[in-house]
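What follows is a set of structures to go through.
In what follows, chain A forms one complex with chain B and a second complex with chain C.
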Partner chain A sequence: MKINSLMKDELKKHFLEKIKEKNDEVTIVSAYSLSKSEIDDLKSTLPEIKSAKVNNEVDETLIAGYIIRKGSKMIDLSLQQQLRKLQQQSHEAV
Partner chain B sequence: MENLGIDSKLLIAQLINFALFFFIFKKYLAKPFLKFIREEKQSTEDREKLLGKAKVMEEKLKENEKTMRASLKKESDAQILEAKESAQKVKAQLLEEAKKEIEDLKTRAKKQLAQEHAEMQSEAKQKISDLSFLIVNSALKSVLTTEMKKKISDSIVTNSAKSVSFDEN
Partner chain C sequence: MKLFDQYLKEVEKELGAKKDQVKSTEVGTVIEVKDGVVIATGLDNSFYGELIEFTTGVQGFVIELMEDSVGIVVLGDYLTVEAGSRVTATGAILSLPVGEELLGHVVNPLSESLENLKLKTKKRYPIERIASGVVYRKSVSVPLQTGIKAIDALIPIGRGQRELIIGDRTTGKTTVAIDTIINQKGQDVICIYCAIGQKNAKVAQVVETLKSHGAMDYTIVVSSSASDSAALQYLSPYSATAIGEYFLDQGKDVLVVYDDLTKHAWAYRQISLILRRPAGREAYPGDVFYLHSRLLERACRVDEKYGGGSITALPIIETLDNDIAAYIPTNVISITDGQLFLETDLFNNGIRPAINVGNSVSRVGGSAQTKAMKQVSGRLKLDLAQYRALAAFSQFESDLDAETKQFLNRGSKTTQVLKQNKHDVYSLAEEVAILWAASKGHLDSLETDKIVDFEKDFIDVMRTKGKDWMKRINKNKIMDDKDEKELEKLIKSAL
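Moving on, here comes the complex of A and B:
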């Protein structure tokens, strides 16, 4: 089956846009629900998510701080992670 | 002679009788009789000689037996002594091996004990650390208010902003 070249270009453009959108989407996991201003503050503080579309998920086990996910990548800025690092360091030191 | 009570005729007859007897004895009986006596004598001497020889042989045999007994005793004594020495050597060797084995076992047991001790210590540390983490985690969850959580979150972000980057999940 032959695909029209114009249609092919349109499809390509559409999927590239979809991929770009997906790549620009960021999920911020926090211990409490974030307001828009808080999200904006975060965007201004972290250049990695400045131009991204942000979703917010709540996970109370984090205690405080955030986990920022972008595709298969993530930044862990949660208090739980900080505590884990501290635990690891104390274990190594002893 | 007659006055003496001796009958001359009878005497003559007895003399003749004796002469006849002597003649017949010498002629027919004396030789075989003497031969028999000589043979008997020879036979007795031979027996005595044989007896002497047997006695000598018996003595010799006794002497041989005595020598053999002494030799056997000496040999058996030597063998017993050798066996004793060999047993002593084996005993000493076994003792040495047993001592070495005990030392090895001791060393291994000490090593194992030290290893187990270190493992237990490490495990205990890990458990204490995990427990501390759980306690702190639980305490923070119950103590922190939303405002406090926000402040902490801001603080973490501010402190880490310059160094953060996306890592593979």
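Moving on, here comes the complex of A and C:
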């Protein structure tokens, strides 16, 4: 399909905006689904996500805690991660 | 039980040391796994050369940044990496442990001992570093004695020089390099032998040779074998140089042998083709010149004002059928400060080291040659040049005038004198003594096939009767009239 070059710029702008929106979205992965008040609590402690749109995903393998993702940045505050760290450190100590 | 308690205490201590803090990390997702190369999305803020960790604990580094994905080269087993798995950027640039602790060991390009030892190094150096600038450099003025007569006399190498060793397979390229390392004993030079894509058997043989000559005490072997991943082969010369730079920063003289850069170019070609970079001549990528130029530019001699020290580079290139006009050979020839050209024909004719004196040059080493060597090498060069010019021509003539005969005779004797057994390195005084004998015509009356025997006897005489003379020359590095007279007497006694 031939795309008009004027359209191309237009499309690029549109998609870049979409990507930006997507990157501004925050995903919170937790072991169980979070209530609105819990999300608000988190928002008030982390200024970076205050004004952002927040999605909630559930992943039981985290055991407890949560992972906050924004774009390619990630803050891992899950029990799974801490256990992994412990495993790594105990390996290193040997 | 006691051991277990100790272990627990260690873990507790380590856990207690760091207070948990909220830290955001850069992550991405693997979308493709190719031969040794992984393509991942995400990692929006990663940078070139950044160290990346996969969930399995395998590490890699960023080698390509594309519009919406990054190319990562895997250091280690890439088959454990799965599409869809997470990758984490560490924020650190690729670096390796360096230090005196590595001396005498065989390590891989990440400084891990191949003998499964724990080397307790204290410092880390980045694998890639910008070479020293113009202000910090000094021109080459101290010789690097190779212990090989033909090289020290005709194609001298200085500390901080880059001299290419080029030739077909089995022409003795590695031997020249190894002999040079052996000859650095007691010269206060740290040697690094970097094997790139070599057979493990060959590396083992080299290590064995170095050990038996007591050269491992001041040598580090950095090895990436033919079965290692292309990524490790690609990294190994840079790693070897980084290790060298640690010693350079201590003001020491370093010799690095890259054996060989042909295979290094192959490894880089493989990575580039997998990354779908546009292929150029012989399918090498466009930056294959930069690949070697940035490596060899790191060889330098640092001014004493800035701490001194030097890195001498001896890259090796293997040619096919003596074709020095191929792509990689011409590249490296133009980068280096000269080349030693080894030939199969000479090798098979028993002239070993098989150095083609006519095609070999050293662009900067001449200024580093010692006075004593200069005294003999000037005449030697002239004799050989005249010999070469006449030898081809005289094959068709039956009756030659006396002068021509004299040139031919001298030339063939000199050629014999430049022969040397492998791993049998000479000190400066020994080299000067035998070459002086040849250039002054003391060997003209001997038969050609007797020269080698004479040389053996003569060196024995020098090592016993001429001990004081040798000590003096090795110390002063110059010959006066008295020395020459004494040498003449010693030669006469050996004849």
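Just so it is clear, the second predicted complex is superposed on the first by the 74 of 94 C-alpha atoms of A that agree within 3 Å, B and C clash if a C-alpha of one lies under 4 Å from a C-alpha of the other, contacts with A are read in each partner's own complex, and residues count from 1 in each chain.
Just so it is clear, contacts are C-beta pairs under 8 Å (C-beta built on N, C-alpha and C of every residue); 3 or more make two chains touch, one makes a residue touch a chain.
As the structure is a prediction and not an experimental result, all values here were calculated from the model.
Peer 1: Using the touch definition from the top, say if A:42 reaches chain B (first), chain C (second), both or neither.
Peer 2: In the superposition, A:42 touches chain B alone.
Peer 1: With both structures superposed, pick whichever of chain B and chain C touches the larger number of chain A residues.
Peer 2: Touching more of chain A: B.
Peer 1: A:65 in the overlay: touching chain B, chain C, both, or neither? Say first, second, both or neither.
Peer 2: It touches chain B, and chain C stays clear.
Peer 1: Is A:73 touching anything from chain B or chain C once the two structures are fitted on A? First, second, both or neither.
Peer 2: Both partners, chain B and chain C.
Peer 1: Once the shared chain is lined up, is A:16 touching chain B (first), chain C (second), both, or neither of them?
Peer 2: Neither partner.
Peer 1: Answer with first, second, both or neither: which of chain B and chain C does A:89 touch in the superposed model?
Peer 2: second
Peer 1: Shared contact residues on chain A, chain B side and chain C side combined as an intersection?
Peer 2: In chain A, positions 69, 72-77, 82, 90, 94 sit in both the chain B and chain C interfaces.
Peer 1: Spell out the part of chain C that touches chain A in their complex, as residue ranges.
Peer 2: So the residues of chain C touching chain A come out as 7, 10-11, 14-15, 20, 22-28, 42-45.
Peer 1: Tell me, which parts of chain A touch chain C in their complex?
Peer 2: Its residues touching chain C are 23, 69, 71-77, 82, 86, 89-90, 92-94.
Peer 1: In the complex formed with chain B, which residues of chain A make contact?
Peer 2: 30-32, 38, 41-42, 45-46, 48, 60, 63-66, 68-70, 72-80, 82-84, 87, 90-91, 94
Peer 1: Can you list the chain B residues touching chain A in their complex?
Peer 2: Chain B residues touching chain A: 125-126, 129-130, 132-133, 136-137, 140-141, 144, 146, 148-150, 152-154, 156-158, 160-161, 164-169.
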